[in-house]
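Chain nomenclature is as follows: A, B and C, assigned in order of appearance, with residue numbering initiated at 1 for each chain independently.
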Amino acid sequence: MVIGPNTERIPRRRRPQRVALVTDFGAGPYIGQMRLLLAAARPSLPVIDLLANLTPFRPDLAAFVLPGLVRGMPPGTLYLCVVDPGVGTDRGILAVQLGDDWLLAPDNGVLATLIRHAGDATRVWRVDWRPPAASATFHGRDIFTPIAEQICAGRLLAATPVAPAALVGAEWPPSLAAVCYVDHFGNLISGMRAADVPVDAVLRVAGRHVRRARTFSDLAVGEAFWYENAFGLLEIAVNQGRADARLGLVAGDPLAFEP
Amino acid sequence: MVIGPNTERIPRRRRPQRVALVTDFGAGPYIGQMRLLLAAARPSLPVIDLLANLTPFRPDLAAFVLPGLVRGMPPGTLYLCVVDPGVGTDRGILAVQLGDDWLLAPDNGVLATLIRHAGDATRVWRVDWRPPAASATFHGRDIFTPIAEQICAGRLLAATPVAPAALVGAEWPPSLAAVCYVDHFGNLISGMRAADVPVDAVLRVAGRHVRRARTFSDLAVGEAFWYENAFGLLEIAVNQGRADARLGLVAGDPLAFEP
Amino acid sequence: MVIGPNTERIPRRRRPQRVALVTDFGAGPYIGQMRLLLAAARPSLPVIDLLANLTPFRPDLAAFVLPGLVRGMPPGTLYLCVVDPGVGTDRGILAVQLGDDWLLAPDNGVLATLIRHAGDATRVWRVDWRPPAASATFHGRDIFTPIAEQICAGRLLAATPVAPAALVGAEWPPSLAAVCYVDHFGNLISGMRAADVPVDAVLRVAGRHVRRARTFSDLAVGEAFWYENAFGLLEIAVNQGRADARLGLVAGDPLAFEP
């Protein structure tokens, strides 16, 4: 392989030691084909399905979940993040070095909040390498996966440094008062850092007042409340019930506080 | 790490060779974060999602599925079992040595049936080790995962032997005539060992008589029957149909036999 | 282990380097138990969930998805394919060497299209090895998984060569104008190779005309179209919507073109 002028060489101690997949691909063959390619290239590389059911087609919501998702996770991980309503367009591809981690994603805003929070600790490249052939609709397999392999091998090909301010989503707010992800239990995960919300703040949801509690066991069964979840985000739950069904909310719905 | 007076040292041949996750976490980021932590600590340790969609919040049902789930599985496995409506309470944590296997779970009854069946082959400890910081709601990641790592490394920290009779669920029956788990095909898995049920027993479900058959292919398409499933449990199925929808049953519903 | 007269020895360079699971088992304990057995037998063997939610009980549909699923995947893979409405019958078991890959599946047609496309590059055996004991309903765990282990170890036990023409599905057509798989996004994957369909062909679906587009981004949000998907198959989608809900189609439904 020719190492051209735009190739960034990655020293061994900076290379990812594992790959975490973050997608909206859900159950089905998409994650599996990516894993099969990675397993063939690097049989002993741990590949983890970190999150496969992001809200489909919504990088604008995923952006506010990602900082919570990677918080406290072990350094040395390459997060391969693919959620993109614009697959098939000429969307740029970003590789980001953030502390000891790597991020690889389309330039559609999905990394915007992470990059904003990280500040100067971040290096961002636009990656113009493309394979000889790629499908029109599965860039996760055909473009992102081989780029991930290259990073693991210590090379970032056809990469141009870009300023964070030039990225899609650079002007987005640091947090989002909306439902960004609905989990398996029907809990509503917002795009707000709980530490930024006063402990006496009251949400107004579906005509109800939703107050803060420390944990599920503080509440009566069936009661709605908000709390700081394990990702540091404000989350709305119903003790031993489904908040999505009880409150009639879906991903993308805005959240409002009582004045 | 200080090896204190309550530290149990685990000889190398007794240490788990793989971790099996048994949870009600479903699809989403919870399993993924636990796997990421385990992959960073022990990159070559096999970690298997054995079962991720136990009936939510129901250790009282999971307890009767677990013995079937581990039956015939290879020795040397650490089963990390987290299903707990009481996360955030002061629930104890149990580590159990059962033959060549390990079990790690909250003291909420989820291990009760397994321990009862195993009898004297079991050693049980209450583990009082806690990390310097933990979220209020994701003990699977913050407390159970590091304890699992410690066991794999040969140490059980802050562990006190406890008598099985002192555990939550010690007084539960050895089997449960109820739907304990509904599988992907809509089959209804009970908490009864099929070997304990007479072959001519007839269940009365939703006004129908449900008789035993040996296997799916013995029945007409659409017919409901019970049989000994691959876990040794009584299971109700409808040949090439969904028993849950056809019979209107959900997890937790009781099952009754014809007199 | 006795190497009997019907044992096929597999030279080291022909042995699978990874196992890909292709099933209709969905979420639940079935995949997990198979993985646990494989992890105990071969801890460093990569095992990938390639596809776990094939249309239940429909090898006749899966047959037309498989060629797309394996296309372009790395050589040296053993595809363990279990979708079978006839588990518990005396269905034969097939092991197939197809180029540098292996396939292991029931003789129910699920491999028929792959074998037909591969032509003379294929060797097919009927495997009569059976374990001392097996459940009536989970042959994926009790019979197929140990045979997969044997192949990885370089042995095909009790194997008799069979002619492709003698297999179930040998007379099936090379493609199927029907919905064979519905993906996570509600996209409808057909059993037709897109390369065989004229680019100006128009499908008639639910009273609508569905025309070809190159990719999602060529279309208005909500518009239905067909295109060549990443597996080379004709797929029907609705841009940023669910084609299954919009068009009222489910797996197994036939597809028709305008005359």
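Odds and ends about this structure:
Keep this in mind: contacts are C-beta pairs under 8 Å (C-beta built on N, C-alpha and C of every residue); 3 or more make two chains touch, one makes a residue touch a chain.
None of the values given here were measured: they were computed from a predicted structure.
Superposition on CA atoms relates chain A and chain B by a rotation of 120 degrees, given as a multiple of 5. Under half of the residue numbers at the chain B-chain C interface are used by both copies of the sequence.
A straight line joining the Cα centres of chain B and chain C is 31 Å long.
Multi-chain contact residues of chain A, defined as those touching 2 or more other chains: 26-27, 44. By the touch rule above, chain A contacts chain C in their complex via residues 25-33, 35-37, 39-41, 43-44, 56-57, 85-89, 135-138, 141-142. Only residues 17-18, 20, 26-27, 44, 46, 48-53, 69, 73-74, 76-77, 183-185, 214-218, 227-231, 240 of chain C touch chain A when the two sit together in their complex.
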